[in-house]
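One chain, chain A, appears in both complexes that follow, with chain B as partner in the first and chain C in the second.
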Partner chain A sequence: MSTAYGLAAVSLVVAATVLVGTFGLRISRTTSDFYVASRTVSPLRNASAIGGEYLSAASFLGVAGLILAYGADMLWLPVGWTGGYLVLLVLISAPLRRSGAYTLPDFAEARLESMAVRRVTSVLVVLIGWLYLMPQLQSAGLVLRTAAGTPFWVGAVLVAVVVTINVLSGGMRSITMVQAFQYWLKLTALAVPVLFLLIAWRQDGSPGLGQDTPPAFAERTTVSVGADVEVRVDRPVPVVVHGRMDGAQHAGPVTLAAGEHRIARDTEITFPAGATVPHVSALPVRTDSEWAQPLAGREYPLYATYSLIMATFLGTMGLPHVLVRFYTNPDGRAARRTTVLVLTLLGAFYLLPALYGALGRIYTPELLMTGRTDAVVLTLPDRLVGGTLGDLLSALLTAGAVAAFLSTSSGLTVSVAGVIGQDILHGGVRSFRAATLLALFVPLGLALAARALAVADVVGLAFALAASTFCPLLVLGIWWRRLTVAGALAGLVVGGGLAGTAVVCTILGGPPGGLAGALLAQPAAWTVPAAFAVMIGVSLLTPRSTPAGVARTMVRLHTPETLQVNRGTWRPKQV
Partner chain B sequence: MSRDGEGPRRVLVTSPRMRATRRPRHPVTREIDEQTGLGEAYMRSLVRAQLRLGLGVCAALGVVVGGLPLLFVLAPELRGLDVGGLPLPWVLLAGLVYPGFVVCGRWYVRHAERNERDFADLVDRDT
Partner chain C sequence: MDVALAVVAAVAVTGGLAAVPWWRGRRELGSPADRATFQTLHTASLAAPPLRAGLTEQGAQKAARHLRELLGSAALAITDGERLLAWDGSGDHHAEGALAHAAGPMDSGRTEVLGPDTVACAYLDCPVKHAVVVPLTTDDRVVGTLAAYGDDVSAGLIRAAEEVGHWVDAQLQLAELDRSRTLLMEAEVRALRAQISPHFIYNSLTTIASFVRTDPERARELLLEFADFTRYSFRRHGDFTTLSEELHSIDRYLLLQRARFGDDRLRVTLRIAPEVLPVAVPFLCLQPLVENAVRHGLQDRTGPGQITIIAEDAGADAVISVEDDGIGMDPERLRHILAGEYRGAEPDGEGSPEAAGIGLGNVDGRLRQVYGDEYGLQVETATGAGTKVTLRVPKYRPGVTASGV
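Entry: the complex of A and B
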């Protein structure tokens, strides 16, 4: 893809984001504006904003890449990311809005009347936010490298700087406008190219994926390896190598023996037509018909699938940047209606990544060898359409990807900064500004230091952590009067501790093999029940620490706003 | 969310026949405000109705969505079943499930709002 188009796309989105953000600036005056846009946002704009904020790099790039690599099992990811809003709708949307809280720690304080629970909640919000921000910044590096050939750190730093400017200049009001704009940009950026790709695929004779063989190069193909990789070759194949392989310099024909090979970065290898694509050792080799079926060719597929369903369906409600959006609805009824619109918008968007994944399996199988399956969305137009049109479509996709990092990072930064500013620093607009820097530059450091992980995997861990902590807190807090301070604290600590340990093991060491590996890579199926059990069990054992005002809080959470009843005097701390 | 002070006062408009019916001495909203046993009973009934509705949707979701992986294990031939040129899992998971979510969400909103209306009619009819 031509660098000029890529750079133009990136600059345009960055400029548009800053402009739309500044346009919203003149209305943003008081602290309340910063946090919740004064609760005057219409349902469609609010729903677009939720969609824009929620559809991250993991959705825009990561899902298609994982589907290309692992096949039908990965279809559960977008299903769970959408279905999570259905669970959120029926269990927490209206009561949460009626609680009148700005943030998750506010809710914890209002419901449990305990500063200790509030503090634990704040720490968890910051940790989940950082865990979610890190892969966003990493994939920004990846996209800019694919689109414009810049070093990895440039994209990450660029996104961090733009988000800082944006958040500092406008707070949530501008972010709401930016986010709503970003949703439609992302949908367009993914939907328009797929039309051209499908036309090209039809003209190519609509090749399918029913064969019982692993992917092969359809024609003589030169693969350029962007980073050091270890690949597995299943049978000897004559290739032409330019660069370093297995510790030796090559510049000509070589026969690749069966087995493992180490290929250094910037090496080019030319494969003959019909050769099987060597896979990065981390990816399973699966025939196309296995790939198209769920639960085939993976260790503990049923456990992994259920754990993924649990993490995504229950984790969505615990994401800090999602919840803060609900406070911008005028009342509980509007919060529900907004959520249904969100389901519609997300459903429309998630029809598309599967198409990219499947087309990628046919046309860009070499990504299985370079290991950069996250790049499939950006690579396809050039491969399948080509020419200026291909360049333009690639530029559009790059723009959508940049929109994805900007919007998710902005939303996360606002909510993490809100919590840091309110609960850790002194509060007030100045603290919010200092907190913004803290919220963004810690994950930036992590992104630059940590080893590369698949974007959607890290995001999946953030979901698992949210599902193991905030899901029980919210669900029990809203529906169960007997939840106690001790129970909530114990549940948060156990759920957070278990899921957090799994996250640290997976990110630092990579999961071990076998059952332990499956349990650590997808912890939700055991950590969520554990957190619920501890929260309920300890609450039942400590009936005396039930908050005094629980009856009044229940009135506040559940009665429609049209009724004139006493809802208590609790108000979120003004900062 | 302050409710006191300004705003037009609510005026009771009833037919002569309605006036003849017996009325409770206090509006139920006052029972709720004073946290009497009756007020609590009304609140519990609302919370229970809404929870039952929410858990009902979750259970349906659990059976339909959560049942799919199990179905594919128990009936492996369904994994590759051809539906209009596409394998069944793809038709379901990459397509039909999304409109399903929306329909389910709309259904829930209608019923949740009805529960709230019923509750409001119940407690507010005498204020």
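Entry: the complex of A and C
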């Protein structure tokens, strides 16, 4: 891709974001008409805003990359990320809105009337937020490297700085219009190029993915390796190498023997047409027909699939930046309508990454060798369309990707900073500033220090952590009146502890092989039931610590607003 | 690995530092008698908080353990005269008898010592044979009993039980005090609930009357608006409403004011972030601010007055401001009014600045009651420089929910 177009796209989106952030208030409507002024946010706009904040770099870039590498199993990611809203719709959205809570700690306090639960919830919100922010920043580094060839850290630092400016200037806080626009921008940025790509694919004779061979280079291809990688070659292949390989400097034809090879960064290798693509050692080698089959992706595929389904379906409700948006709905009914629309919008969006993944398998198999499968979305237009049109489409995709991690990072930072400021630093404008820096620069440090993992995998871990803590709290809190303070605390600590340990093991060390590795990489299937069991069990054992106002709270959560019932009212705190 | 080591080391060092004062504290405790006193005081302090909620089952059960430790008796029972609230110690099978043992002191209000004939059971090794039952009183009314059970009743135990009874009485008195303080705060909030001014009703009705012949259609519309306005303002239930409801009411209010002063004399600009419309705010908390702005915006001038109402989203809070470009107020005087020090005569009409100040003071008082002192009104004003009143409302506060119309 031409660097100029990529840089132009990045700067355009960054400039637009900063401008909207700084002058954001100007575009909010000024009127003298009360009827206009007191119109609440419509469900469609609210749903677009949720989509705008929710569709992160993981959705925009990561899903396609994982589908390219692992195949049909990874389709569960977009399905789960959409399906999570179905669970949210059925079990959570309306009662949560009726509770009047703005953040998750608010809900915990409203339902359980306990400051201890509130504090534990706050800490978990911050941890989940950090875990979710980290891959956003990492993919920023990736996008900028693909688009403009900058070092990895530049993109991450750039996004962190832009988001800080934005959040501190107060503009991006929760302007629904801006967030709603982000959704449509992301959808356009992904949908328009895919049309061109599909046309190009048709003209190419619609090559399929049914062969029983691993992906191979269709023509003579030069691969340049961006970072040190270790690749596995199955059959000896004659190549031309410029750069360091296996510790020796090469500048000419070499025959790659079968086995492991270490390739240093900035090395260029030219493969002949028809050569099988060497895979990074971390990725499995699958034939195309295996790739298209379910349950053939990773080790223990059945367990991993169910665990993934559990994490994504149940984790969505625990994402801090999504839940605050529900407060904008005027009532529970509107919250439900919004959720239905979110389902529709996300369903439409998630059709696209699968197409990119499949096209990437055909046209950019060398990503399996460089290990940078997350870049597939950005690489395809150049490969498949080429020329100025290809550059423009790449620029559009780059812009969409930048918008994706800017909006998600802003939303997350605001939510996390709000919780840090209110519950940990105790209020005030100054503490919000300190909290913003804390909310953003801790994950920035992690992003720069941690080893490179697939974006969608880390986001998956954040979902698993949310599913093992907030899902039991919300579901039991809303639907089970015997939930007690002790039970909630125990469940949060056990679920958070187990899932947190799995997350730390996976990120720091990489999971060990075998069953233990599968259990740690996809912890949800055992941590979520454990958290539920502990929460229910301890609640049953401590019936005395049921909150005093549980009956009143339940009435408030479950009665439609139009019904005239006694929902209780404010009472001065017992001194 | 290094990170993990560093974390472990940090935790160990912090823990060690925290333990130092604790260890030093232990060494300097003084003579055995002193230590016994400290121990007793500490036990008493543990028993106090559960009793501060009054004689409840939960509180009594938590306190009973510590009270029994104070008395050193085999078992201890607390009743409220009708129910057994807590039984602590051995001999659980005596629990059902505790209510019968309490009957005497409940009636007489005097301590009773019960012997084995009423207390003891068939088990020989059961330590519950005698009982001292003391009444618990608040405001000279017997509200419950405290019974100490033991193998034998010494004069010391009787004395101790009576003393502990008095101590519990004191805690219950405090609980009563807390309760009345809470009731007082609630009553205060109710009393502070803004009232719409009788002058406004009078003026509106005369304005409408002036249209009845010249423009009956408009008179009808105004009358309906007036009806809606009063229905909202006079409603009895709920202390909170949503910002959008409050804005609707202000709209009606301004419509009536415009009819009175002439359409072109009052210009209103609104900039409302739609995100904060569902926020729950105290009932009629904007009304007095707008009333104040209208009064100041139009007083002593012939040209049009400008009122700007802005509601913004500020993270966990919503910030609402009402601004006018009128004559302003003397900050010193306003401070007195807001501090509740103004005790002038009854405000003599809609136009008086005192009336305005009282409206503001009312809103300020309610905001502070509900959300705490950091959420009071913020007024920027000077004589001749207009007035801007800003209020912050947290999006969520336990117990605060808007109730419908």
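Quick notes on this one:
The definition used in the following text is that the second predicted complex is superposed on the first by the 544 of 575 C-alpha atoms of A that agree within 3 Å, B and C clash if a C-alpha of one lies under 4 Å from a C-alpha of the other, contacts with A are read in each partner's own complex, and residues count from 1 in each chain.
Everything below uses one rule, namely that a residue touches a chain if its C-beta (ideal position, glycine included) is under 8 Å from a C-beta of that chain, and two chains touch if they have at least 3 such contacts.
All figures in this text were calculated on a predicted structure; none of them were measured in a lab.
Once the two complexes are overlaid on the shared chain, A:539 sits clear of chain B and of chain C alike.
Contacts of A:564 after superposition: both chain B and chain C are touched. In the superposition on chain A, A:90 contacts chain B only, with no contact to chain C.
After overlaying the two complexes on the shared chain, residue contacts for A:414 are found with chain C alone; chain B is out of touch. Of the two partner chains, chain C is the only one that A:329 touches; chain B does not reach it. In the superposed model, A:113 makes contact with chain C only, not with chain B. Once the two complexes are overlaid on the shared chain, A:176 sits against chain C while remaining clear of chain B.
Of the two partner chains, both chain B and chain C are touched by A:100. In the superposed pair of complexes, A:309 makes contact with chain B only, with no contact to chain C. Where the contact sets of chain A with chain B and with chain C meet, they give residues 100, 561-562, 564, 567.
Note for the complex: chain B touches chain A at residues 1, 3, 29, 32-33, 35, 40, 43, 46-47, 50-51, 53-54, 57-58, 61, 65-66, 69-70, 72-73, 79-80, 87, 89-90, 93-95, 97-99, 101-102, 104-106, 108-109, 112-113, 116-117, 119-120, 123-124, 127.
Across the complex, chain C meets chain A through its residues 3, 53, 58, 178, 181-182, 185-186, 189, 238-240, 242, 244, 247-248, 250-251, 267-275, 277-278, 280, 312-316, 369-370, 374, 395-404. Listed in rising order, the residues of chain A touching chain C in the complex are 25, 28-35, 37-41, 100-103, 106, 109-110, 113, 170, 173-176, 327-331, 414, 417-418, 421-422, 427, 432, 508, 544, 556, 561-562, 564, 567-572, 574-575.
In the complex of the two chains, the chain A residues touching chain B come out as 72, 75-76, 79, 82-83, 85-87, 89-91, 94, 100, 289, 292-296, 302, 305-306, 309, 313, 333, 336-337, 339-340, 343-344, 346-348, 350-351, 354, 479, 551-552, 554-555, 558-567.
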